[in-house]
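After this come two complexes, each holding chain A, first together with chain B and then together with chain C.
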Partner chain A sequence: MDRVLSDKKAIILMVLPALIIFVSVVFIPVIWTFVYSFYSGMPGLKFQFTGFSNYINMWSNEQTMDAIKMNWKYILIVTPGQIGLGLLVSLMMYFSIKKYKTLCRTIVFIPTVLPTVAVAQMFAKMYEMVPNYGLINSLLNLVGLDQWIQPFLGQPNTAFAALCAMDVWTAIGFYTVIIYGALVDIPNELLEAARIDGASGVKLFTKIVLPMIRTIMITCLVFSFTGTIKLYESATALTKGGPGFATTSMTMNMYQNAFLYDEYGYASTVAILILIQCLLVTFLINMLSREKY
Partner chain B sequence: MEREASVKKAFSIIGKLLIVIFLFIEIYPIFWIFMSSLKSTQEFNLTASYALPAKLHFDNYVKAWYQGKMNIYFKNSAIVTIVSLFFIILFGTTSAFALTKMRWKLRDKVMKIFLSGIMIPTAVVLIPLYSMYKGANLLNTRLSLILTYIAFGLPLTVFLLRGYLTSLPDDMIEAAIIDGANIYQVFSRIVLPLMKTGIVTVAVIQFYFRWNDLIFSSTFISNTNMKTVQTGLLYFSDMYGNRDWGAIFACISISVLPTLIVYIFLNKMVIEGMTSGAIKG
Partner chain C sequence: MKMMHLKKNDSKIASYYKMRKGKIVMKKRFLVLSMVFIILVSMLTGCGSQQSSQTPPAPTGGKTDGVGEFQSRNIKFLSIWPEDDKNANGWLISELSRQYGETVDAFNLEYEYVSIDQLDQKVKILISSDDLPEVCTYESGVRLKQVIEADKILNVDKTFSDLGIRDCLDEGAVSLLKNLVDGLGLYCVPLGMNMEGFWYNKALFAEAGVAKVPETWDEMLDACEKLKAKGIIPIVQGGSDNWPMTRVLNAYVVRSIGLDALQNAVTGKTHFSDPEYVAAAQMFQDMAKKGYFAEGMNTIDPGTATSMLMNGQAAMNYDGSWKSSNLNSEDNTAGPEGIGFFNVPVVNDSSTLRDYSMNCGNILMFSSKKYDEQVGEWMKFVFPMLGDFAIQETGSFKGFRITEMPEDTTYYTQLVADNLANAENAFLWFEAKMDSETSTLAQNLISLLYTGDISAEDYMRALEETAAKSR
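Up next, the complex of A and B:
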């Protein structure tokens, strides 16, 4: 038995190809980026070991600081938006729909599977004002709110809001389905018992439902956070980071430093900063959620 | 009591109404895209953009497909996606099997290496990968994307397949070994058929991740003839997006269509697969 199950040749044959590709495409580059983050310039072009100076200079680099600020503002709006609305819709589905639950779930999930670029291009056309009104401006025109008609992607504030709205729209369905799955798993007797004891509405939600779906809500929080902190594709395809740098995320800042300014070293430092934030906040969420109860 | 029942009923109706409105908001833009892709250029100038097309203009698709080079992008995306899917499944199933059911010393360590990949943001590997592919003359090749997609597909694949494999009883494998089967036979004749659902689920979610990728394809590919659907769409929209709305809507529709078709047929599996990546991760 053991002889067959610990056949060395078979193990090597089965694991090694995957391991080689994974290690050389993911694992080594991470270490490589870490090493690069202590250099300035790019290989072959004034590439110099500069110690921690990238990590220090970063704090006075306005573009990077703006990107960090913008990215965190985005996280603080989009993550609660995605999860909060997901929770709201899943509660409505759970409590007010009897028939067609599966159909609802199937429809709600559709935006999740669409390519980010296609969704962004679709929204770009919805927000358009010149040469033709896009969907939103046409609808504003239809209901007589002409004073609200504006180039949504041409102004810093509205462009940022437009990006947030799009990324919330795309992900609500995903969180709705996950949270709905947790709601369905709550034993019916528990809800009935609480109702007989007189709990209803808000009380039923905070005392019974919320504690029961707590774990899944934390999972959603981590998932949404790790998604929003990596913001790149949707913003690139919607606004290219503009107007100005109004929608430039940390990853986009890294990208510009690397492939526009040829500063591989500095860009690597920004990349490491993203990784650190990602790991740190995930760790924090998991720790805090464990401590409370 | 009666009043309470009527309040409840009112709430239920409001809830239903809100859900219908919400579903409409989630679906209507997609409908709008397909509808707009069938409009003529004058219609965009003359009628409101929520209006239905007066006549169905399929020319936009012809334009998108040939002038917009969607035919080339589509082919590139299809090749890159299918080839990387094949290897993700091949390497993923074999290594998940060796990492869960076989017995060896470094097993848990290797598992940890794979699972660590789930948390890595793509930004962290982009510069070294670009340098690597540049050095190896792999920029602007499909191989650069295929290699990257395989590597980034593996962690989640191994993780999800491990879940399917652990629920598979060891007795069956042991019985087969007692009957004289070697390890390859155990894998191909017993384990593989039992993993069918898991494999299809993994394939479906990986299809979405690879088909929808932008960051890798836009970094490694600059040659127009090697672009994928997503990078091609962005490129086309930069070049002609403002002038030719019909064609850009047709391009968007073409990029969306495969993802919707897969979803229509396999929606249960898609939902289960995509959410399990979050729930179990």
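Up next, the complex of A and C:
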């Protein structure tokens, strides 16, 4: 077997089928999308080569621009929310409630394994106002804050906030578990030595803990970013992108163009734009991770 | 001698190693080839068509092709209704197909459910890959027109005439369907003959002192004011789906401008930004501001809106005659005659109370590529029976000829029948003639018009700018 595995021809022969599948599944669609981005219309219906017009028109398309703005606003709120709260909970579990850490970890992780649609349904019920008050409006009613009772999913600003809150809540458990795993790897001696040297609280966290979990934090950042830039399921299930286009993300805009407006070519252009953003940010994060501390 | 012996031994050893090397090479080749073969076989198995695993076995007693294999005709039906929902169109088609299956040797209806949100995407992908199923649910209007122009579906007028079943279609429905595709012809069959208007809770009207059913828009606004004064929600719409709100806007547009108001705006004869259209949007927004619509209405789904009407939580709900199946059900707590219906009140003399908003609901279209004699036989069995079967089983009108009304017709079914009989002219829904982008915009922005986040002028200007692109 060793001889076989040392034979380059054999390796090529064995790897080739998997490579063909990988290339055909990943790269060909990307190339295909790029080719489609120079067309207008829908394949099979009306499909015409239009050169760079999709790339030019995109910047004056209000819906696409709104979707980009909304998506980045969402990324800038949800990514720090998910990682920040995940870090906070993991620190609490590590330093304060060590005794019940397994129970806490299980409870915190539950939202992560729930299906997105189920979570969205649950939150829609919580935010409900008509025909009956949901949990939040009932609580507001109970404490006498009737003036704050409102249809949270029916107004652009509150619907966006409601979506962010739901997605942060869903992902906290995931990041808590990952960061907690990094925290337990920090040698106790190091923490003890820092404490003896007088470091505590914020100083201990910024000078010892954070540098030690830096690599994991960067991984979390990549996970969270790639998750939030692809925002689709949760927004579709909770608000359907509304009211208006208030919670319509880039991927939803791409879907609308492809399957509602019959502009598959333009939708491919939006897909390429998403791809470029992903590549750029991933490159930036990689640069960050390479930087010597 | 010793040397010779040694040389002999060397050559033996050399030949032994040569043989061993040869065996290793052979083993290696065999191993490599075996692995490549296994990988290729698994690839082919994995990438192979799913047809073989999905095609059900031919029923016993099926016809054979002469070499001992069964020839079962599998008709695929892409539906947006769960197959077991007895109030829905899917069950009607499925049940009639089951009955058809009992009369022939080998037939199977392959029922594929797709949610209404996914329908358009699914159909477009199937069109792109030239793989539309034999029978497919779709939307009438602009979307259907595109499929007709792509030459992918059957001309129903011609096919049904050739099969001798053309007279099973209701002419009113045929006229509506042809109008929706700008006279291109009949390329689908209806699955409804619906009229729309306001359903109202009689007990709540009585409680608020609304003695007369509104016939003019002003009378309806008065009724709303009285209902609101009594703490009753005057109008509820399933606004989370948006279209139930554009229906109310459309009602005022048509009644204040005329039956062809939307057609004119779409073709550019008039413009959405014209003052009359803006005034209609303003009326919708004013009604919202005055509290005539349920608060948070854009978060309510149509099912909940219907429940609120039946449970007495709201007094009016603009909806189609398809609601009669809900009203006929045991869920209707308002009782067998507790809900009434009135046509859209008039604003001026541009239309009358005998002009109804009418549509044929979702439609069925048929792949021209997959049509054959057996599909024709299935059509000949199912569609002439559909009208009578639907009215008997669900109390609903499907746009097919009804030879005999059931004796135990309910109040709601009769109410719909009476109004359909009263109809003189039909007008279409708000998005019927709009292109996809304008239609989506109209529906998405209506929510903001309702909340006040967009003005009536901006709403209509946005529609005008988008509609202008496709003129």
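FYI, the second predicted complex is superposed on the first by the 262 of 293 C-alpha atoms of A that agree within 3 Å, B and C clash if a C-alpha of one lies under 4 Å from a C-alpha of the other, contacts with A are read in each partner's own complex, and residues count from 1 in each chain.
The working rule: contacts are C-beta pairs under 8 Å (C-beta built on N, C-alpha and C of every residue); 3 or more make two chains touch, one makes a residue touch a chain.
Since we're looking at a predicted model, the values are computed, not measured.
Judged by the touch definition given at the top, the superposed model places A:233 against chain B, while chain C stays out of reach.
In the superposed model, A:181 makes contact with chain B only, not with chain C.
Contacts of A:67 after superposition on the shared chain: neither chain B nor chain C is touched.
Contacts of A:45 after superposition on the shared chain: chain C is touched, whereas chain B is not. For chain A, the partner with contacts to more residues, out of chain B and chain C, is B. In the superposition on chain A, contact of A:133 is made with chain B only, not with chain C. In the overlay built on the shared chain, the residue A:219 is in contact with chain B alone; chain C does not reach it. Look at A:155: by the touch rule set out above, it reaches chain C but stays clear of chain B.
Once the two complexes are laid over each other on the shared chain, residue contacts for A:244 go to chain C alone; chain B is not touched. Looking at the shared chain after the overlay, A:109 reaches chain B, while chain C stays out of its contact range.
In the superposition on the C-alpha atoms of chain A, the part of chain A touched by chain B in one complex and by chain C in the other spans residues 4, 7, 10, 13-14, 17-18, 21, 43, 131, 255, 258-259.
Chain C contributes residues 24, 28, 31-32, 35-36, 39-40, 43, 120-121, 124, 127-130, 146-147, 149-150, 239-240, 242, 294-300, 304, 307-308, 313, 436-437, 440, 444-445, 447-448, 451, 453-454 to its touches with chain A in the complex. Across the interface of their complex, chain A is touched by residues 11-16, 18-19, 22-23, 25-27, 29-30, 32-33, 36, 44-45, 48-50, 91-92, 94-95, 97-99, 101-104, 110, 113-114, 116-117, 119-132, 147-148, 150-152, 154-155, 158, 173-174, 177-178, 181-184, 186-187, 208, 211-212, 214-215, 218-219, 229-231, 233-234, 237, 241-242, 245, 248-249, 251-252, 255-256, 259-260, 262-263, 267, 270-271, 274-275, 278-279, 281 of chain B.
Residues 1-2, 4-8, 10-11, 13-15, 17-19, 21-30, 32-33, 36, 43, 89, 92-93, 95-97, 104-118, 121-126, 131-135, 138-139, 141-142, 169, 172-174, 177-178, 181, 216, 219-220, 223, 226, 229-230, 232-233, 236-237, 250-251, 254-255, 258-259, 264, 267-268, 270-272, 274-275, 278-279, 282 of chain A are the ones that touch chain B when the two sit in their complex. Residues 3-4, 7, 9-10, 13-14, 17-18, 21, 42-46, 127-131, 150-151, 153-156, 240-245, 255-256, 258-262 of chain A touch chain C in their complex.
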